[in-house]
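Let me begin by presenting the structure, written as structure tokens, before commenting on it.
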């Protein structure tokens, strides 16, 4: 395996704000890499930097074996970049958008027809090929945008929150496509606010205030979370929340809608104890159970720790 | 430079223009509408300029003089007043553009050929009407006294003519010296440059709609993108290059003495030059609103005032003469007038064509140089 | 100016506190927007001033330096005298002395010269002859009629003066004995016939119109095009609040622009302010509201900024043609003259010129002020209704 992206201290400043701050990233060819982090953490800036859309303030990077600072134009034929907001031509039809990018990427004429047909089928847009992009649903627009970045079969895909604002069914379809591409050997870097999506990546990088704070496989990241998870569905959410924080053995309390997620030192031992404590204090709960930890909990726990560190400073 | 890339951008822009029907109609019709408006308003012959007369003489001679002045409909006697105050009032209110004050000694002086005690007062805020009135009155007055003067000169035994220098004025290309004959070709040169204002918006349009980000991530060349964006507007402009001269010939009876193919060819070069100016503005402006305001200031107003259509460039200050050379409209105005009226060919017009080509490449070159495929 | 605005604001007084807060919120948003896109307000504020300065400086001057070609076949003191007199008018500069017709024809064809003067070989001889009348052939380049007319005027003036002197000489009279038969001329309001005095006030007025129209027309069309208007409409703002909030930056920038341009015209071109400055500013404010109303209607009609801009061009140019700036209204057909009366800019220019140059007050200008008020009310009512309906 060879590195398709290597960055050393990659930094981007906006005035005094370090949007991306000393990023050291190595991504191997064939990875499906997820970039997560709260809003404003620098995910979009990172992807734009890697796509050659921004000047580098400090540091250096190599993308697809070209230097990012001096050869950014040489990188472009080798990547497919999909911006966060819809950025296709709304007044052009699906097919016209595809053909436009095929021309810009110099797709060979003899391969064009076959590739367009394949992408249309792939994205499920064949029957909408003459519809104007403006009149497509949000999910279809995203799939069209992805198809346009795939028209030249780039070895590297940079996708900036491709599933934001898309319904769950389309989201699933979209990820099926990504997985398929990943299987075919395309390197994919995708930023996402959804933790279930991060779980599907081969490696995940968590960004916080411009820095890459953790970069590992989902399994290892989950393992970093101390303790076991107990899910509680209380009837009086507020009282339950207050009580839970005072219970012995509870390391962390997270709220998730009407449910409480409690991290405890020993799940098997504490489940009964906690249930008892709730009953004793007259807080009725409709159910309580041990659950496997997911990226979501690990992520929130990590961010909370980072926030505490920052405010302590 | 790849033609496939340029053509892809051109096709996309054309689709964009053609699908937005109302904008397309506006883009196509605005130059024609502007030409009609300006041609009518700017070349209307002055008629019925209102004047006031204060006749202190009240003689038969003064009355016949007044009626001669107002005959023919060029000047219209708005009021005959009795006091200077009334006259002042009329000028102040803008009711009359000029006033004629006839001295009490008018008829006696004139009979004795002692002089012409007349005073013309004009409203200096509208000197065009005022100047017209002055010329007209002076011309009538001259006619009025000349006959009497000639008799006196003969009586003195001299054979001299009252006007010893016999001015023989011939006007080429526009024998009646009607402003519309040359102003309309001049205005055509201005309105044909109009698509430049639209092209200035296209880059900012992509920026505002976020499509430029996607485009920047592709391997498209900078010059390819800029040229691809200009070509559709060259095509739109060429539609008007055909329509507008025909309109001028049929509607305004402007002669077209030169070679239409040459005109078409030179117009295409002009469109390239002026659109380059538009695209240059587009490169620097982030929003359509800013691009609009700037192209207004850099293309529209200078195209109107500083290209020599109305005010001769020779009379401008040195620096402005240089500035005018940098405006494609200056060279194209010479070409339109030359082709329409003087029927000159490429042997004379080539320096202007070369200037247009140079300006076009200079503007596009600078635009491509400063256009970065970067977001910030 | 237009009472409808005041009226609407007035009747809403009870709930006006919350309304005011909301209006300020929208206006604030607009200003933040302008700060981020600072080019736009910069052009609106200073572009007009700069443009006016340039155009005024370049074109508000007498026509001079017209290239002239002389073919002096006589080469005498008399022929040189007439050429010198022509040059001394400042209207002409000698392009070249030539000795054949081909060069002249070629230069005229090329447009290198505006005038050619051909002095015949017997010119001085005929001048010396007491009954002689030499011809003086002049060729004008009619392909540029404005300089050609200026040239003709200058040449006629020179030959008339020269002719008068020659006649007197031949009659053996001294100039003192001879009364001129040219009527005396007085120019009011602009004694020196300074071009800048009549062009720049009008250009100032027109620049204000274009600035306000363009700015106002983009206010809503921009949000429509970018899809942000929907968001604004679902927020708890009434359409009136949106309109007023959007109008405030236009009014402020338009008004400051006017004051800047007025100062510039006053300082750089010596355009006097003979009437009441306060009255001018009040009326400028009123006129601004009228154009604002028009701009808002354009803004609502247009789907994109491009469309709004093209409509501004059309509307603005129609106004421009009927203001009397480009061509006197008297020369137009009766229907056009009537139409000119319903163009607000026409009255506005009369007011600007009246106050600046004539020192006129309300007693003189009231018909124009009244017309502007009536038109303003009509346009204001219509645009407010139209825009509100379109927004609701």
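Observations on the structure shown:
Lettered A, B and C in written order, each chain numbered from 1.
Definition applied: contacts are C-beta pairs under 8 Å (C-beta built on N, C-alpha and C of every residue); 3 or more make two chains touch, one makes a residue touch a chain.
Not measured: the values here are computed from a predicted model.
Connectivity without chain B: the remaining chains split into A | C (groups of touching chains, all others kept in their positions). On a Cα centroid basis, the chain most remote from chain C in this structure is A. Averaged Cα coordinates give chain A a centre that lies 60 Å from the centre of chain B. Chain geometry summary: the mean Cα position of chain B and that of chain C are 12 Å apart.
For chain B, residues that reach two or more other chains under the stated contact definition are 20, 209. Contact of a single residue of chain A with at least two other chains is seen at no position.
Not a single residue position of chain C touches two or more of the other chains. Put simply, chain B touches chain C in their complex at residues 20, 22-23, 26-27, 30, 33-34, 37-38, 40-50, 91-94, 97, 109, 113-116, 118-130, 134, 137-138, 141-142, 145, 149, 153, 156, 158-175, 177-179, 181-183, 197-198, 201, 205, 208-209, 285-290, 292-294, 296-297, 301-302, 305-306, 308, 310-312, 314-317, 320, 334, 337-338, 341-342, 344, 348. Listed in rising order, the residues of chain A touching chain B in the complex are 14, 48, 51-55, 72-73, 76-77, 79, 81-83, 85-92, 96, 99-101, 103-106, 145, 148. Against chain A, in their complex, chain B makes its touches with residues 2, 4-5, 7-8, 11-12, 15-16, 19-20, 209-220, 373-376. Against chain B, the residues of chain C that register as touching in their complex are 37, 39-40, 43-44, 47, 50-51, 54-55, 57-59, 61-67, 82, 93, 108-111, 114, 127, 130-149, 152, 155-156, 159-160, 162-163, 166-167, 170-171, 179-191, 193, 197-198, 201, 210, 214, 218, 222, 225-226, 303-307, 309-311, 313-314, 317-318, 320-322, 324, 326-328, 330-332, 336, 350, 353-354, 357-358, 360, 364.
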